[in-house]
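There are two complexes below, and they share subunit A, which is joined by subunit B in the first and by subunit C in the second.
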Partner chain A sequence: MVTRIIQIVLSPLIALVVGVLFVGLSRKIIARIHRRYGPPIYQPVIDVVRMMSQRSISHGALFELGVVFALAGSFVTVLFIPIGGTEVLGRAYPLAHGVLCPLSGSGGLLVVIYLMLLAPLGLALGAGASANPNASIGVSRKLLLALAYEVPFLLIILTVMSHYQTISITEIVARQQQTAWGVLSMPLSAVAAFLILPAMLGIRPFDLAGAPQEIASGPLAEYGGRYLALLALQKAVHLFVVIALFVDLFLGGGVNLATFLLKMLAVFLVVETISAVLPRVKIENAVKFCWKWPTGLALLQMVITVLSK
Partner chain B sequence: MDRNQITKWLKSPGKMAHKYSLHAVYFCTGCGIIEIPPVITTRWDAERFGIIPVATPRQGNLFMITGYVALKTLKAIIRTYEQMPDPKYTVGFGSCPINGGMYWDSYNTIKHLDKYIPVDGWIAGCMPRPEAVFIGVTHLWTLIDKGMADGYLRYRKNYAAYRRNQEMVLGELDWPPLYPAAGETEEVTQ
Partner chain C sequence: MLPAIILITAFGSAGAVYLAGKVHPRLRNGLAVLSSLVLAGLVGYGYGQKSELVTISDFLGVDLVLRLNSLAWFFAIYIVIINAGSVVFSLSYMKGKERLDFYYSMMLLVSAGMLGIVLSGDLLSFYIFWEITSWSTYLLISYRRGPALHAGMKYIIMSLIGSCAMLVGILSLYGTFGTLGIPELRAAISGCSPGYALFILLTMGVAFGVKFAILPLHTWMPDAHSEAVSPFSAVLSGVLVRMGMYGFLLIMYSMVGLKAVLSLGSGVLDFHYLFCWLGALTIVIPTFIALLQNDAKRLLAWHGIGQGGYMILGMALGTSMGVAGGIFHTINHGSYIALLFLVVGAVEYRTGGVRDLNRLGGLIKKMPVAFVGCLVGIMGLIGIPLTNGFVSKWLIYKTLITEGHPFLAFMAFVGTWGTILSVYKLLHNMFLGQLPEKYKEVRKSPLSMQIPILFFCLVIFFFGIFPGIPLRVIQGIQGTMGFAPLRLTLWGLASDAGALNMLNICFALVIAFAVVFLLMRLGPKGRRVAQHDSYAAGSFVPVDKYHYTVEFYNPLYRMISPYLKDRVDQFYYWIAHRASDIFDVTRKIYTGYAGTYVLYIVSFLAFLIFVQLVWRTW
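== the complex of A and B ==
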């Protein structure tokens, strides 16, 4: 019980720190690919402190509630995702039921699917309350993009669930560590999930929801001060959630926190390197892409998995 | 991070964060904006110092006016400035906002920008090179350190005078005053 409470406090904190670090790292990587020196890796922390110290302009209760909603949705999702086991140097510690996941006993993948939609919905709620036309366009793009990647995402989740005959993520991770990683047993699903990762993260080439040059950063157009700071933190936590889920489903999780974070770093570096050299696509092309290649691959793998059972 | 700065960070984190996270709203009025792309991209890379352009005035804290200010533009500049959250810093870029520059005898441009909104610093030249922008930024750092970049406080304190100047050239303004009871507002702490 005590370990569970400690984990409930600790795992969102880990997600926050790692997520913010990853955001800083992404800015550095993009800078180096552009042959620039780039900002220091702790630049997002400076930005958040600066935004926190600025006067905040609010457009009503719903405007503020949307931010809280989005941030809470991201933090709650972290609680359902295992972030590595408790095995250190070949010795398994029975501490925390052998896995770093505060709510491992309940929920599983089905709850994660629902909770991951909370963040875009919260942002849509808040941005809608600001009554800015740019924000409205951004929200409509964001929800359309969610519609685009949810189709292959649900197919992938369905494939994983039917392959392992369970909805518990901890169970899926344990089975992968006993047999083969998901990327080997369901290669097409893994490729499909990798293809929709930028769309889920909202980075290039699918950063059209918050495009600064076209629609003045979209849903964030009216946010400033500490609301913007909280939304920056939300983005960081969301980044952690998406990549952690990918590592859990296809790269066999981690035997402890360190290996888990290393795998996350590897996935993130590959995604970020690819996204840094790609331009932004239009929303109709994004939907067309997501419903063609990732959906096709995920569907094919699902048929193969179901038939081979 | 410079190790000497750690005590400064502990003493006033807000001030230091403002120094190293200048999110700039570039107001592209004239030819000056042509010098900004080299500043923020590969050649001079302003992101080293945390300076990046932002899309809306709500998210920024550095306001750069790059070029001559026509009367129509002045209206937009004032609205943009008033939308930015405090603390905010304004920098006039090039000769034109300083004293009219080559538009010194134009009937339709204003000659002194700081009559209408408070300006914290100037980057002189026609055009200033990107290096001058960085020199301007380091000067702004010094001003922020000493607490002398207080344009937003001056605007609040002397709002009645600024509003009078604005109305003198623009006629009746079609938005309500930012500080309705100018001079009687509570003190701002930074």
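== the complex of A and C ==
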């Protein structure tokens, strides 16, 4: 019980710290690709502290609660995702039932799919309450993009669940560590998941929901001060959730926290360097892309998986 | 005795309300509310009771029987509660409208008819109550006259075709087994051939499918909803349509039996597997058609059809968990779709009958309770955790995955995403964004609208956090149908291949929400600004034009709308037009004038005389 409570406190904090550092890292990488020097890696921390001290405008209770809803939703999602085992230097510690996932037995991957809805929904509610058409256009694009990538994403998740015949993520991770990684047993799904990662993260070429030059950062148009600070944190935690899920489903999770984070870093670096050199696409093209290549690959893998059962 | 008391009260109050209206409108309203509450109390009292009562013995050779059991009780309580909510809501919504005596009386008659359906112990009473319900529904759909008459006509024609099919099934059962009592039929059918079982399932299934609005028998529903008054829409989509679900459960699992249903057909042409696919199509196509709608009630009507697909999917799977999910989804859907129709009704009432999603906006500041109702309703419809919709969908998904139907699960999931897009549009276009000038004086909804709205919100969360309570009742029903029991807890499910614990999820969400809220309080408080004080890149904010609602998902419309025409509806209209052409030709012969008929007779005689003269036949 005590170890579980410690985990419940610890895993969102880990997600927050790692996510914020990843955001800082991404700014540094993009700057180097642009041949700039770039900000220090802890720049997002400075930004959040500064924004927390600034005063914002507010458009009412829903405008504020939407932000809270989004960040709380992201934090709760973290509790359902295993972030590595408890094996250090070849020695397994029975601590926390051998896996760092505080709420592993409360509903599994199906709950994760639905909890991942809370953050976009909260953001959409807050943005809608801000009475700005830029925000509404941003939300409309965000939801369309979500529909676009959810089609392949659901196919991928279903393939993984039917391959391992379970809805529990901890069991999916354990099975991968016993046999082969998901990327080997379901290669096409892994490729499809990799292709939609930028769309799920909302980075280029799929950063159309919050395009600053077109629609004044979309849903964020009216936000400032403490609200924007929380939204920056939400983006960082969301980044952590998506990459962690990819590592858990296809790269066998981690035997301990350190290997898990190393795998996350590797995935993130590859995604970020590819996305840094691509220009932004229109929403129509994003939908067409997601429904063509990733969906096709994911569907093919699902057919193969079902037939081989 | 209890079923008879319930039915006498229900039918009696329908008549009494009409008469009371002739005395005083207040008396009528009071009586309507009182009788719906009394009915709810009576049915609630019947929990766990089992009784059977022969009302008329040897009527045309069969006994008419009323009976109360767990399945009947479950549907009865669901009918009376949603009906009571709608009647209370009607008090202010219908104020000042014409023919109110008729309206209230019909509302109570519909619910009485539905209670009759679920309390019938034989198929003849079932059929009689089924027809009473259909006809009173027809009268209520066409209550507003004008285009409503057309919608009502469409409903009753489709419903009659279904009833005819059901009558064929019932007559055939009577002819074969010589009885119409449900327990007797259950014993008799178990020995019959699979072909005959299929025949019964199909004939009765057409009737239930029309009522259930399952694809391709759904076309009456969008028209009926956009024309019916909002409180009746809540009953129509919440419970009346779900009488089809009751019917399916009755024939598939109470009469034909689980084993026989599962063994019908073979391979790809398995009956229950095909039925599952029909359910999956019913989820996806209507949900995406809903995305294209601009009329709030039409949008909800298409969702009503789409959500029915989940129930069919769960029920047709024929596993313990799947059927539990399907039955649970039925009442969950009833609670949130009724809530959403009531919210749309409240908005309609306060804005002077506006349902067009392109002409509303910003009402959150004027109608906060309606907004909360809408938010909770759409959360239930999507199935966000902590709402009841989540639990029932979780049960269905989990069955689909563990039983190895990933493609069906995919259809169900994609339906959820289509739902999110269209219900966000519903919420955004009504309550968020900029408030148009003309709605500046809109007042909050009256108390008699707020009470049912808040009540249904509570139900949604209560069943979402403690799903064990309704699931235990459902388990009792399943026990009579021969399903293995689930391992229930108060807040979810204990199972080997992945458990569900809503209490943990609830605590996690509440604590995370509180922590983030306190984190936000660290910064300085935001300065409240008016809606025109928003960012417009330095230019003037145009009043009433700074709002983005029309064609909210325009890029997607362009891509999917060519594929989402309701071709089934067009086909039915084509048949209807061809039929009416044939009737026109017939009418040219049977003109209705005596002179024409005399002419026919005279010319026929002339023909006979001619024949006689020329050939001398006789």
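In the analysis below, the second predicted complex is superposed on the first by the 309 of 309 C-alpha atoms of A that agree within 3 Å, B and C clash if a C-alpha of one lies under 4 Å from a C-alpha of the other, contacts with A are read in each partner's own complex, and residues count from 1 in each chain.
Everything that follows uses one rule, which is that contacts are C-beta pairs under 8 Å (C-beta built on N, C-alpha and C of every residue); 3 or more make two chains touch, one makes a residue touch a chain.
Not measured: the values here are computed from a predicted model.
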Applying the touch criterion given at the start, work out whether A:V76 contacts subunit B, subunit C, both or neither, answering first, second, both or neither. second
One more residue to check, A:P40. First (subunit B), second (subunit C), both or neither? first
Check the residue A:L62 against both partner chains and state whether it touches subunit B (first), subunit C (second), both, or neither. second
Have a look at where A:V49 lands relative to subunit B and subunit C in the superposition and call it first, second, both or neither. first
Of the partners subunit B and subunit C, which touch A:P133 in the superposed model: first, second, both, neither? second
Contacts of A:A31 with subunit B and subunit C, given as first, second, both or neither: first
Should A:Q213 be classified as contacting the first partner (subunit B), the second (subunit C), both, or neither? first
Footprint intersection on subunit A (subunit B / subunit C) at 52-57, 134, 216, 221-222, 225
Which stretch or stretches of subunit A touch subunit C in the complex? 8, 12, 51-60, 62-64, 67-69, 71-73, 75-76, 79, 103, 105-108, 110-111, 113-115, 117-118, 121, 124-125, 128-134, 136-137, 139-140, 143-144, 146-147, 150-151, 154-155, 158-159, 161-162, 165-168, 216, 221-222, 225-227, 229-230, 282-284, 287-288, 302, 305-306, 309
Given the complex with subunit A, which residues does subunit C contribute to the contact? 362, 364-365, 375, 382-385, 390, 394, 397-398, 401-402, 404, 406-407, 409-410, 413-414, 417-418, 420-421, 424, 427-428, 431-435, 492, 497-501, 504-505, 508-509, 512-513, 515-517, 519-520, 522-529, 531, 533-535, 537, 546-549, 552-553, 555-556, 558-559
Residues of subunit B that touch subunit A when the two form their complex: 1, 13-14, 17-18, 20-21, 23, 41-42, 45, 47-50, 53-56, 58-59, 61, 83-87
Looking at the complex, which residues from subunit A come into contact with subunit B? 27, 31, 34-40, 42-43, 46-47, 49-50, 52-57, 134, 212-213, 216-217, 220-225, 228
